[in-house]
């Protein structure tokens, strides 16, 4: 596994980030959520993603899903509040998408947001790089 | 190697069943309740014997070689224990016949309990729990019931960050909130952190002592005082009792409850993952909460007492893993008081000896006198060689690796517990091999990265096993 | 006898290397006042000769009887092979297979056990074993609560009383409400079930054959469970019945394999098992062995899905189990490999002999239940205490006095007959049983 350095880290600038290493891409009132490159690297090979049910109500910064590697399990927190609109069913057969393409095919779920202002409280990509470096 | 099912051949029989000597009736059970097929293999006795014999040869036990698995106490399993546990007077008795028919079994359990009380200083023991973590659950259940009866709403259990995962799991199963207590830079409980977390909602602290780093907490009596002053209980995870039996009494360290692992400290075999036995001992004030039944004695007659006022109930069917108890009893009788003390003294001597020698070559995060085990790490290993690589290379040299990546508070931890039943010679040979492996890490790191290469299989793909679980054989 | 190889001179060398004078110097981190000055009040070291004498003497105080008693602990034929194979020390002196490369023996055995359990129960996935049937049932109740989010467990009185006590102890710690339902003619009272099962029911637990030996109509019970979206948990205490009864369409099947090659042993250890439908796999406690390949592509086995377990999930774990009963599970698969398809014949022998005994005892004893049964049944006598004493004098245990567990069933005996009882044994038993 590559150890990501500040310059090598791939984290798209048009996304927002949480300090728990989730990213969110907003289009209208739908936010697509996944975990960052830093997070997938720290987890090592993802073996299973427990996806939430469609329609489930989620609260900002509360657990929405869990992700497992061989030796660990981590919570994925919802970056914003709302309702689960869609989940990435591909991950059932291909959990490795989270590792290979964390910002693309490795997306995890989509939230229909209830409060768009919550987005402004999240980090930009520069702010995220800073805290990820410190870990 | 084939699975047993793949060796089946239609028509083979291994067993001669007795002929049916009573008239056979049909329709005793309606057809819609009967199975249509029973897809079990057909084998002859020699097939079965060869298959499992071959499997045993692909396994490694204490009888095969040095097994320094930290926190597991892989000591020698005496064979007399095996013989005694197989006496017909022990194997052929039913738990539900009149107690007059089972006086020997009850006597053995009673005397074993007394010995465990004498060793630990506790007032009574339950022999019911089937394993250490089962004992832990019982301990936490007792804590919960104790405060219920006292009408005190205590919702938190404190657990050090070095603790084994079963501790918080047991607490959570009884609906306690678990609060992590930090370790100080000596690897022991941070007293400030402990004091800051005390409150009237704290039910107790679960502590392994010596801890999972093999270190005895100097502040043990102070910790007990802090807890007791707060009306909280003090639970001892006795997994590391091998370091103290006969030298210190656990109850005298201030603990109120302790679980022991007979399959660790008391030499009963681990059996590829069980059965074990996890008796739980308590101080006087908690006796009423123990699971029922307890064994009582009056005028030489033994009986089962189900009348404990505040008992948590029953935690398994019948009385305990009896044939495991027989082995532990045999062990205690063989060793006697003198032998029991020698366990701890020699376990600690052996561990410190190995630590003194190995610290010259490997990183030792806590350079303090240890008890029965100690922790090294892979810090400073050349060529990015990891703990995993070292462990796998040890397999090539005919050893079972030490415990790796536990406790979590040491990165890349290697926990070594020789136990008292290993000779200086064995330990010296192991140390020489560790030094050799370190040199290989410098000169020829691929030997480690590709290890093991001499074992029945090489490193296995754990990711595949988890991503695409295949958990049974299908034809 | 102690098992310490090092001589005094070797110990001195070691102390020198460490840099201390005395072993007790290594205990300086323990408060001096805690170090024991007196030896423990335990008898002295004994040689093997004396240990044997002493403990053999204790064992002889246990009376070996001819048991017509089951009630969760069954006398069955154990092929000699079983003990020989589980006595191979590469198995019994080994630990949990955490270093899979040198533990393929253990791992493959457990994989075979998982397979055997699935074959017998018809379930998709089985784990590496549990402590015993009763704790397996308790953990199944927890699982049902975790899966459904509901708080009520229906636990019929036809389940082994000791198992029920364990489930109630476990559930009591976790705010899960256990509701007992009655029996009617020896099986679950369907009316009672209908009244108690509701939308808050997480699971219905059913033992089959039940504690009275009677065979439940699982299909009927399943209907009610499905209606209320409750899980069906089946429990098998007399594993020999698996040779003859069809697998149940349960969500979780648990039980004990004591009947498969494990001696009575005063009630333990045997081994519990748990098997589930595929969709519940990740909520299952206990270890799981999976098949995989090694670096050369060779087939091998490894502990897998460990992210479910306590050492990973810690306070989020749904169970704390680590050590299970793997060696006893190994004994059971040696047994099953020896019996193979003849398990069906063995079960039939049990069925026939118990019914033969039943017909004969019917002449002198009132029969309580007319339900179909496997190898246990209930008879009513005038004075069970007297009868049991009389039979004991003839070295026979005639069954279990049900008054021990059911106040309404005083003077009722639960009688068990297996392949271990010859026709002669049974005829003799019946003859002596005249009150």
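A, B and C label the chains in the order they appear, each numbered from 1.
Methods note: a residue touches a chain if its C-beta (ideal position, glycine included) is under 8 Å from a C-beta of that chain, and two chains touch if they have at least 3 such contacts.
For clarity, every value in this text was computed on a predicted model and none was experimentally measured.
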Label of the chain whose CA centroid is most distant from the centroid of chain A: C
Top chain pair, ranked by how many C-beta pairs fall in contact: B-C
Chain A-chain C separation of Cα centroids, rounded to whole Å: 44
Centre-to-centre distance between chain C and chain B (centres being mean Cα positions), rounded to whole Å: 19
Separation of mean Cα positions, chain B and chain A [Å, integer]: 39
Contacts with two or more other chains, residues of chain A listed in rising order: 47-48, 68, 70-71
Touching two or more other chains - residues of chain C: 306-307, 312-313, 316
Residues of chain B whose C-beta touches two or more other chains: 462, 466
Touching residues (chain side chain C, partner chain A) in the complex: 282, 306-307, 312-313, 316
Chain A contact footprint on chain B (complex, rising order): 405, 462-463, 466-467
Chain C-facing residues of chain A, complex: 47-48, 50, 68-73
